[in-house]
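After this come two complexes, each holding chain A, first together with chain B and then together with chain C.
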Partner chain A sequence: MSIRTSDAPAGGAPARAVARGDGVLRRTWIHRADYLYVLPAIVVMLIVIAYPVYYTIDLSFYSTPPSLQLRDKIFIGFDNYKTILESEVFWRVTLNTFIWTIVSTGSAYILGLGCALCLHQAFPGRAVMRAILIIPWVISAVAASYIWKWIYHSNFGVIGAILVELGIMDRQPNFIDNVNTVLASLIVVNVWREFPFAMIMLAAGLQTVPDQLLRAAKVDGAGAWQSFWHVTFPHLRGVSIATILLLAVANFNSFIVTWIMTGGGPSNASHIWITHIYEIAFGRQRWGIAAAYSVILFLIVMSLGYFYVRGLGGAEKEGGGS
Partner chain B sequence: MSDAATPRSRASVGPWGWVGRIFLTVMLLFTLLPMVWMLLTSFKSGFAALQFPPQWWPKEPTLASYKKLLDPTSSVGADFLRFFWNSLFVSTMSTILSVIVAVPAAYAFSRFDFPGRKFLFFSVLLRNMFPAVVFLVPLFILMRLLGLMNTHGSLILTYLTFGLPLAIWLLKGFYDNIPYQLEQAARIDGASRFQAFVMIVMPLSVPGIIATAIYSFIGAWNEYIFAYTFINRNDRLTLPIGIQRFFSESSSDFPGLMAASFMMSVPVVVLFLMLQRYFVRALTEGAVKH
Partner chain C sequence: MSKDKFGCAVRRGVSMAAIAAALAVWGPASAQAPIDLSKWSPEYVRSIAGTQDYDTAADCGKVTPLDYRGRVTFWYQGAFEGDPDLLRQYYRDFFAEFRKTYPNIQLVDQALTYNDLLDKFRTALLGSAGPMVVRLQILGGVEFASKGYLQELKPEDIGLKTQDFWPGAMKSNTWKGKTYGVPTNNETMALIWNADLFKRAGLDPEKPPETWDDVVRYSKQIKEKTGVAGYGLVARKNAGNTPYRFMPQLWAYGGGAFDEASANPNYSQIEINSAASKRALQASYDMFVRDKSVPVSALTNQQADNQPLFLAGQLAMMISHPSDYDVMQDLKKKATGSDAQTAQNVIDNMRYGLIPKGPDGRRAVVFGGSNMHILKPEYVDGGKVDQPAAKALVCFWTSPEWSLKMAYAGSNPGNLNGFKTKWMKERLENIKFLDVTTSMLPYGVPFPTIPETPEIMNIIVPDMLQNALTGTMTVDQAAEDAAKKIKNVMSGNKL
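Up next, the complex of A and B:
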């Protein structure tokens, strides 16, 4: 699959390199037809993305009535931000969100890497196994949440029943109605859904590790672990960064699993940012607070997003060379 | 994803080989058992499901739950089939539209060197970083303004934009791998740039388009939060929300819920298994180039 080797704008560049060095306006004019190709995408994105972002920032400075007739909103400056940052729940939820994101992302990455490595060798049944391992990622998160909710059920859940049958516990444990175990239980579900994604990405990354290097390492007497650590793993750097960033962003923004399984309870123990905002906005109808909350999140995710863009850019550059 | 490269020899199974086998077995069980339990539960009667200790294997397997869901004459069945149809309609429409919009955009990002190309490309990708909630309230109001509340149009428009960034990213990966010389040759033979795009590049990128379409379809099929917010009318609900309603009304009918979850998963899993190689390739094309 590799013909192109160098810089990103593979195609049009050679034919029109002449135009380079002229003014931006002139270049824009020369390339005017190019914009027609991206125009539909940009227009749609502007309507459904730029407007909401502007609107949210604007709304975050207002105190709003519960009804969505937002005409009688009152400008209150940064009060919404103050309210949020001073509330204890916000910090509790933020801690939850970081635990949720870091543990989910890390576990999904490690399990995905393990599976990718195991499936890298050829053996009978490999394709079937790979297909099976990917299924949790394909099925609806709503279905997954209900499956696990049933598995964790506090009276008839199958895990509890196994533990009782084996004599490890004397009665059904509460997984998701217990403040201490709820977050961990939800993270298991989340990892179940996400590790296949890491596996797919890393399996593709493994294909780019040059065989010669692995053979050379073997000749030099490297064991399996050494050749993994010194040859394979460094080659996976670009794809690992992309995978971890995509997973982290998805986890910061996740909603469905928590919302369906617990709704954030018991007593906020499993609330993460998005479920909390959703409750503030659509549950308590405090739109201004919810908007300010969204802006705070956006700033946090944005600063992480700086690395996201850099990581993707880096992965793109690295990929080009192989 | 070719099976060609097998760097490690299979001749001897060292300690790491055993670690790998055990790990893989554990992961397969971790993946499969929840789904097996879903299926087993769906074949039980409501009474049999609520027993302790549970029936590990259904003693009197029954298709009652499936019959109830698929029977258009019962109220549950009529609802379920309507939700199913709604989901199918919304997902198909947003998939078609997102391919139509994403293909030219991805092509331009891959091939042309217009000013602002990098900036626009990254601002498209940036969308993935915004939490969905940022869009909920404003889009809720926007949809009310446009008179799209409780319509499938609101969902199609939303899914279209949310699927776009990834669709563009995936397709750009494909176009980057199609050699420019092919188009040059066509241009020399007198084709216009647009003709070269439609007649040379498009056919070559069919696998990429299929993959992107599957991705959009699965994303739309599984979407929950916007459908949950925008649609209140019972006859317009999509499956994820419909199932939630179904469950909250009969909260102990776990076999029914598991049967519904199973049937909701079938279309995407089948679609995915059939077109797996395109799908997996597209996802990795953007991040890793071979």
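Up next, the complex of A and C:
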């Protein structure tokens, strides 16, 4: 049985033709069979990704007043971008978004790492504990948001009732109806929802840490913290980068928790980009402004995506060298 | 308040201001209406109830033959968590009866909540994936008519007369002189209070606050004396409940978004930052910030959140529908032990009264309701509208019988002939406090009939409230900010 290596071009053309650095068209022709194989996927991606992106960018240059249909939109150039950047609310929402993303991502990562390290140790009931800790991640975000809304409720929330009952507070605390506490309260819910994801990723990463290195470190007199910091953590670098970037992208695009629990209020204090875009588009029908807003968000998330890919590449390289 | 006393109060209370407001809702066509609107009072409504019979199948059979074979898709605002079980039953009965009457019409219906319907409908229209028929809240029709999504549709197209409906409701279906829908129901809300809490706070348990300033005062007194929230303020954004409760207050003080509370509004002058509007906003501020006499959760509350608070005896006053009495009964069934006893005590002490007046004696309430519309084929999923099937459905729902039954507990029939049916008579006997809300109808003020109304009412007005109540802005700044936003909405593409 003969085996063809992956370097050999399809279609039977000699490899030296590619090596000579012929034109793109020629190389495409040489690889025509490969392209045919991926063509269905490319067509699907063009329809479900490329066209919506193109349409959103196109729409961002138009005005869409509430009294007109979308097809009657009016070209206004970059005015929508100007409108967004001049809006005070945009900057407030941007600050919220960064606080939301950075704090949620960081907290979920740290909590996930802590849980992963705990679960990496053998103890009775570990499997049960693992299953319990995954629950927040697997239950419906909508259901979780409603439950937390009631837990936080400023009049008959469970947390407040317990605090009052224990005499810690003399009246129900105000979590989500207060501009100063609402974002932090929502971040707690978000972290609760996300940390199991980080835990699973990092727990998988921990499986790759070589035992002999940990034993060697122990023989060399390293304590638990030194072993973790100098042996375990460096091995988790790749999976940590991937986890943090995935969490960050998910948090930039997070919608459900905020929308259900507060709708972005009170007084825009919990609006983040994605909920604000939704409100502008569907509540106010400013499709053009919402599209421009989305383009800005798209560029930022794409930048994160770039770092994600680079991070993965670096991690693979690192993994390959070990 | 006893029924007789209440009737007298209503007769005394219909002042010149009320007549002016009534004209805005009833308009010049009221003289030709099937019932004499100039005689409107609880007694008059009782006197006409049960005086006429209607055969819905026969009437609609003249519009679309009963053996017609076709298909119709339909979206509507259905019952949600704040509605009584009774309403759910009537919805089930309606669809069963329609399918029985028109066995060859395939009806594909989809219920959506009040807050979701507009979003979903707008999105579907962008993709030409709308239903053939939609039942929208009263403030939605003009928006979609102005954009050209709706077919012209007037009561005469389904065998009824324009005069069969409240002129104010017909106005909400009118855009540039053309009619685009038929009203299904129209309603006004009332003030509900807990007489026991009033008594414990040292207030007359049978006397509701006469003015909005009294509401502020009562709310504070109740909070101080009982520790319970006084008034059920609602200020959530993107929720219809907020404007329905705040606009009556705004109008009573003499304010408004525009001049919508006047007899002949033209919506050209923004009034939300007027001195009168600021006084109304100040009243809410005083209750929430200064006196802390309303639920802390007001900023994220909808009316459905106030209902359990009220039933638990933790709220003394709120604005709502007559159906809240049934909702309380439904909720009570779910309570156990001492909670059930508390709930029963609250229900026994539940009272309904007219919505308070402003400082100048003006009383106002949102003239609410819903309308049915037929879409143009190009915006419908599949690109076709089965006209006879669509008209059969609109005819059925807006008939005197179903117009009444579908509004049995929480609203009033859009078709005025519904008041003459035997079911209205039965309803007057079964639905407690119905008199109060029908008595509020003359004070009803329709939302501005302009395409921008949903954004103004669901986003800008709640934003103004939240900005003031959270201290993000002063009352003055919040009102000025809202005026600026309305100006932006009306004039261009600014946020």
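By our rule, the second predicted complex is superposed on the first by the 272 of 322 C-alpha atoms of A that agree within 3 Å, B and C clash if a C-alpha of one lies under 4 Å from a C-alpha of the other, contacts with A are read in each partner's own complex, and residues count from 1 in each chain.
The definition used in the following text is that a contact is a pair of C-beta atoms (placed from the backbone, for glycine too) under 8 Å apart; a residue touches a chain by one contact, two chains touch by 3 or more.
Every value quoted in this text rests on a predicted model; they were computed, and no experiment measured them.
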item	value
Partner chain(s) touched by A:Thr28 [first = chain B, second = chain C, both, neither]	first
Partner chain in contact with A:Leu163 - chain B first, chain C second, else both or neither	neither
Partner chain(s) touched by A:Asn155 [first = chain B, second = chain C, both, neither]	both
Which superposed partner A:Ala204 touches (first chain B, second chain C, both, neither)	first
Touched partner set for A:Val138, first chain B, second chain C, both or neither	first
Which superposed partner A:Gln285 touches (first chain B, second chain C, both, neither)	second
Broader residue contact with chain A after superposition on the shared chain, chain B or chain C	B
Chain B versus chain C as contact partner of A:Thr262, first or second or both or neither	second
Partner chain(s) touched by A:Ile99 [first = chain B, second = chain C, both, neither]	neither
Touching both chain C and chain B, counted on chain A across the two superposed complexes	68, 70, 153, 155-156, 172, 282, 287
Partner chain C, residues of chain A touching it in the complex	63-70, 76, 79-80, 83-84, 87, 89-90, 149, 153-156, 172, 174, 176-179, 261-269, 279-280, 282-289
Residues of chain C that touch chain A when the two form their complex	119, 122-123, 126, 143, 146-149, 229, 235-239, 295-300, 308-309, 312, 314, 451-452, 454-455, 458-459, 462-463, 466-467, 469-472, 489, 492-495
Complex contacts: residues of chain B adjacent to chain A	1-3, 5-8, 10, 14, 16, 20-21, 23-24, 27-28, 30-32, 34-35, 37-38, 41, 49-54, 100-102, 104-105, 107-117, 120, 122-142, 144, 157-158, 160-161, 164, 168, 176-177, 179-180, 183, 193, 218, 221-222, 224-225, 229, 239-240, 243-244, 247, 254, 257-258, 261-262, 264-265, 268-269, 272-273, 276, 280-281, 283-284, 287-290
Contact footprint of chain B on chain A as seen in their complex	1-4, 8-14, 16, 24, 27-28, 31, 33-38, 40-42, 44-45, 47-49, 51-53, 55-56, 59, 68, 70, 111, 114-115, 117-123, 126, 129, 131-136, 138-144, 146-148, 150-151, 153, 155-156, 158, 161, 164-165, 172, 192, 195-196, 200-201, 203-209, 211, 214-215, 224-225, 238-239, 242-243, 246, 249, 252-253, 255-256, 259-260, 273-274, 277-278, 281-282, 287, 290-291, 294, 297-298, 301-302, 304-305, 308-309, 312-313, 315, 319-320, 322
